[in-house]
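Chains: A, B, C, D, E and F, in written order; residue numbering restarts at 1 for each.
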Amino acid sequence: MKSDGKKMKKVEIVIEAVMLKEVVTIVDEAGAGGYTILPAVTGRGHRGHRSGFGLTNVFQNTMVFTLVNEETALKISQKIKHLIQNYAGVVIISDADVVWPDYQKDQ
Amino acid sequence: MKSDGKKMKKVEIVIEAVMLKEVVTIVDEAGAGGYTILPAVTGRGHRGHRSGFGLTNVFQNTMVFTLVNEETALKISQKIKHLIQNYAGVVIISDADVVWPDYQKDQ
Amino acid sequence: MKSDGKKMKKVEIVIEAVMLKEVVTIVDEAGAGGYTILPAVTGRGHRGHRSGFGLTNVFQNTMVFTLVNEETALKISQKIKHLIQNYAGVVIISDADVVWPDYQKDQ
Amino acid sequence: MDGNILTNLLDPPILFFFFGIFARLIKSDLEIPPALTKFFSLYMLMAIGIKGGSSLAASGISREAVIILVSAMVMATLVPIYSFLILRIRLKNLYDAAAIAATYGSVSAITFIAASSFINKVGVTPGGYMAVALVVMESPAIVMAVLMAGMVRSKQALTSSAQSPNSPASLPMKKILHEAFTDGTHLMLIGSLLIGAITGLEGKKTMEPFTSGIFKGMLAFFLLEMGLSVASRIREMKDVGGFLVGFGLVMPVINASIALGIAHFLGFAMGDAYMFMILVASASYIAVPAVVRHAIPEANPSLYFTMALAVTFPFNIIFGIPLYYKMLQLVWGG
Amino acid sequence: MDGNILTNLLDPPILFFFFGIFARLIKSDLEIPPALTKFFSLYMLMAIGIKGGSSLAASGISREAVIILVSAMVMATLVPIYSFLILRIRLKNLYDAAAIAATYGSVSAITFIAASSFINKVGVTPGGYMAVALVVMESPAIVMAVLMAGMVRSKQALTSSAQSPNSPASLPMKKILHEAFTDGTHLMLIGSLLIGAITGLEGKKTMEPFTSGIFKGMLAFFLLEMGLSVASRIREMKDVGGFLVGFGLVMPVINASIALGIAHFLGFAMGDAYMFMILVASASYIAVPAVVRHAIPEANPSLYFTMALAVTFPFNIIFGIPLYYKMLQLVWGG
Amino acid sequence: MDGNILTNLLDPPILFFFFGIFARLIKSDLEIPPALTKFFSLYMLMAIGIKGGSSLAASGISREAVIILVSAMVMATLVPIYSFLILRIRLKNLYDAAAIAATYGSVSAITFIAASSFINKVGVTPGGYMAVALVVMESPAIVMAVLMAGMVRSKQALTSSAQSPNSPASLPMKKILHEAFTDGTHLMLIGSLLIGAITGLEGKKTMEPFTSGIFKGMLAFFLLEMGLSVASRIREMKDVGGFLVGFGLVMPVINASIALGIAHFLGFAMGDAYMFMILVASASYIAVPAVVRHAIPEANPSLYFTMALAVTFPFNIIFGIPLYYKMLQLVWGG
């Protein structure tokens, strides 16, 4: 594609809401330039139905995605993989052309 | 990519909120291992503006995605295609590397 | 893939909430057949933390995606690129197989 | 106080309705978060239910009440039938006709509230069982509409030589009845009515600062949202078209007149007759569309929802409420 | 009025709890937006806090109150220990045992509210410091459970020859204490108590139309949501299994009995003794699960949350509240 | 009661503000769902509007009121001008100077509420038209700021030899005026004022359990959220820097002093003079940032929003409210 897009990886993480802080820390420490959070998602996986309700956030999911280079994607996905041994979650990695504002590309 | 990601399909479904149950049933019956729901999205398509508001959910959209193998993706998209002849919606299929916790991969 | 999916581009736009109207106008004017809005997302980028809170939407993000052909994707991403010189945001372009209902394909 | 048009309109909640319309028309970004609208509507139903239920407990179900409730169910069955017959004269899509018929056969709780407030100001008190009438009028209209849509569907299957492979599987009636009955708003009203009836006057007193004290304020917020929604729907009005807008304005008056005739013939008390007219004249934009969208997918919700919300509801609030009272006075010779 | 089972049950908010259960069981789509549930729960805590704090300011902290608060903390420490010992008899996953122990050592604010309303109707008034007891009983239970889970973890590390690479890093106790103390709901109660204590009777009066007037209505909505949640959890009941359901039904009675013994031995006033029983008998489904999910990730939240919410809470509301009163009367010879 | 600093601070809602700050500083996860914050803020505006409007209907617009309203508009125009001139001494980004000038020229409804409550306790009653002053002071400040930003923009276009291709198209003034006027919160206040004025004392009475009864409780929740937000913004304080923090602390006092001079010169009544000082001294963190973000995209919202919310608002609540009263007493010789 002839866009000025930069080829990057989009790492999407579904994680239980109580672990959001930890996920953000992992993303930050891996050196990602940013992230976007979709605060309240629900779902089902091998741990059964997780539908966030108002009484507790123990059964609520959150989604985070970050646009990073391949190496960082790998670093993040490995750390999250460790985390989701004990907490509900999944990591999805895909290709993305990212268009940044000018100053961003200069960096 | 040298991640331990498993090559899968991400099937995203935008559907009017009243049909969420039916979509989940289709996904479940196709044998998907799980799904994630983004409860309230709004939008525009050929049926005009659909902005969910509080009085009724008749004009509200929901989004569901499920990570499945190619065959299951095909099965789901065909069933949803049938559904969206009469209800607002669209199906988006893309490639995704999915990182599961260990026990999941053993299955 | 042997689906009846049509090869399209998925253009995802994260933008500060106050500029949602402008983004929708750009998408519409570029000739997109529709779009979907995820109303309230939060995040961090080079402009720092943007966590939407109730007092003001000045620090809230919104996400919009539209399924379009490559040419339209380019048109949209260039206009949004201009917009995000002054407003918080980012554009993500990826490949997508889109399954429409029958009448849509006839068009 | 005499029941002229201003008696009703100069109430803060009603004025917030107009304010909402105005705000949206001038493209203000004013909006009520959907979660709150949900809360306000559940609150309204709780308040009507507890009030109605407790006064029901006080009065018991009289023979009079039974006659009214039966009449209510009969009208909720008849209105969809003759509405459908009228609508099919001009509408090509008969599914739309069936869906619209359902909304007009059913009722609007907010119109009921506004009319109760009006009739109380005028000094007439309807019986507590009118809240029960509100409940029993919802489902029959849906059932009738679904039956009619089913007839349309089988006829079309016969005439079209090649059966369309994409025709929606029609939902079994059992599932539709289940949905109509378990619809959240419908159930909230039934539950609150029962709880009001069980706990009686003491229950009502316990709940009063919540269900009565702050009622007007909550109603003001809800009507503000309704005003915003009505104005949002105004751009759909061109899809609705002249015939249907006309239907949405004339039908309530016809329905109210028929209801008035029945009420007079059966000798209802004046307050009951008024509320009966209101119920028959109002159209549903909350519970019915939610069920009908499922049950009659071939119908366009922009038509039936917009007509009930943006045409008939404002008409009833502004003109219907005082008009039906004038009609009642004429007949009752008040 | 005498404190029989109906005294408690025939209150509109409690009936809305049952209505919520019913609605979910018949698969109604009735639901309360999460944002509102959050509001209702913060509201409840504000109301308890301001009421408790202001009556504390009026009475001061007496020697009696100190004895009760110390007893409360002791029980919040002991209950997790003996609960863990009982649970390990049958549970293979000892982390589950620790997590369940934490919820039963801690308390339920809504059970506290329902019991306060019951005991006031019966004509007995507990002291304002009981709201402080509600506060101080939360953290000790969490600390005990985390200590026990830590012991299980080190033992397993020893026995398993090859250390699992995926074992979660156990959180440092300091971080857990921080989380327990700064948990939003916990803090809201503490903050409101303090504000109630600082502003005293005048503060209470200022806030009264909000914190008392509309209280029953807000409680009704909250209990409606709780009913819906309880019924949603019923399908998890088969995972919970007979032993744990039994634990959830019997343990409250054992806990209440022990609390009764202590209260009698130490000579508590009757109202205080009752609320002490209630606190010890209740289990936490809001604050504790949120902290324990973090601190003991190896435990399955479906077990501990479901037991506290869907077994013990309804048991206490329906049977516990009048039962503990009967027990109290037997001992007090009332 | 004498108007010392504690008169104001020992009110439960104000204490919830401090509690919110504390909760966020110790990193509690306590939070108010955004949908509710939206509700609380619309509620506040409805309550001020109806109260102000109905007392306006009772008193009519006197010659005195007109003088005050004109003074209010003049000050809302002048404050941005001299604020800009002061700010440009040290700020390199003149767009930031313009945006900050707009927030200080405009007003804060919550400061207005807190000050009304204080002045009523002290026994002085301002006129109902002060709520109108609150309305008319919002837009002039925005207009001035946009004009100044436009001047900066044209100057920069001239000086920079190569025009940047990415310079934002400046919005036409008509669009900005539309946005300023139709801003949801602004319009809610205007609408409520009008509805209050139309329905008068009867309307006010109808709405009172909602708009007055539960007012303090709703305010407590809103101030709790404001406390949380203020503390969230404290980490941005280093971006704001010493000069701007100083501006945010000193400017309100200067503005209040000038307002006091004008009020004295024009012979305002004492209560009106006080509220005039408050309006001029307060800065907007809700309506103005929403419009200015659009209209002056080159300015950094972290600066102007943080200063108005996290510096000037707390200063006014803690020190300003009693201080301006002392200043008033000095001049009035009370």
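Here is the rule we go by: a contact is a pair of C-beta atoms (placed from the backbone, for glycine too) under 8 Å apart; a residue touches a chain by one contact, two chains touch by 3 or more.
Only a predicted model underlies this, so the values are computations on that prediction, with no experimental measurement involved.
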* Asked: Common contacts of subunit A and subunit D?
  -> B, E
* Length of the shortest touching-chain route, subunit B through to subunit F -> 2
* To do: With contacts defined as at the top, give the pair, E-F or A-E, that has more of them.
  => E-F
* Structure fact -> So the chain most remote from subunit D by C-alpha centre is A
* Rounded Å distance between subunit B and subunit C, as computed from the means of their C-alpha atoms -> 18
* State, to the nearest whole Å, the distance from the C-alpha centre of subunit B to the C-alpha centre of subunit D. => 35
* When you check subunit A against every other chain, which residues touch at least two of them? -> 38, 40, 85, 94-95, 102
* Structure fact -> Where subunit F touches two or more other chains simultaneously, the residues are 32-36, 38, 166, 209, 213-214
* Structure fact -> Full set of chain pairs in contact is A-B, A-C, A-E, B-C, B-D, C-F, D-E, D-F, E-F
* Structure fact -> The subunit E residues in contact with subunit D across the complex are 10-12, 15-16, 19, 22-23, 26-36, 209, 213-218, 220-221
* **subunit C contact footprint on subunit A (complex, rising order)** => 1-5, 10, 33-39, 67, 94-104
* Asked: Can you list the residues on subunit E that touch subunit A in the complex?
  -> 32-38, 40-41, 166, 168, 225-226, 229, 232, 236, 285-286, 289-290, 293-294, 297-298, 301-302, 305, 309
* Within the complex, which stretch of subunit A touches subunit B? -> 9, 14, 38, 40-46, 61, 63, 70, 73-74, 77-78, 80-81, 84-85, 89-95
* Can you list the subunit E residues touching subunit F in their complex? -> 33-36, 38-39, 42, 46, 50, 178, 182-185, 187-188, 191, 194-196, 198-199, 203, 206-207, 209-211, 213-214
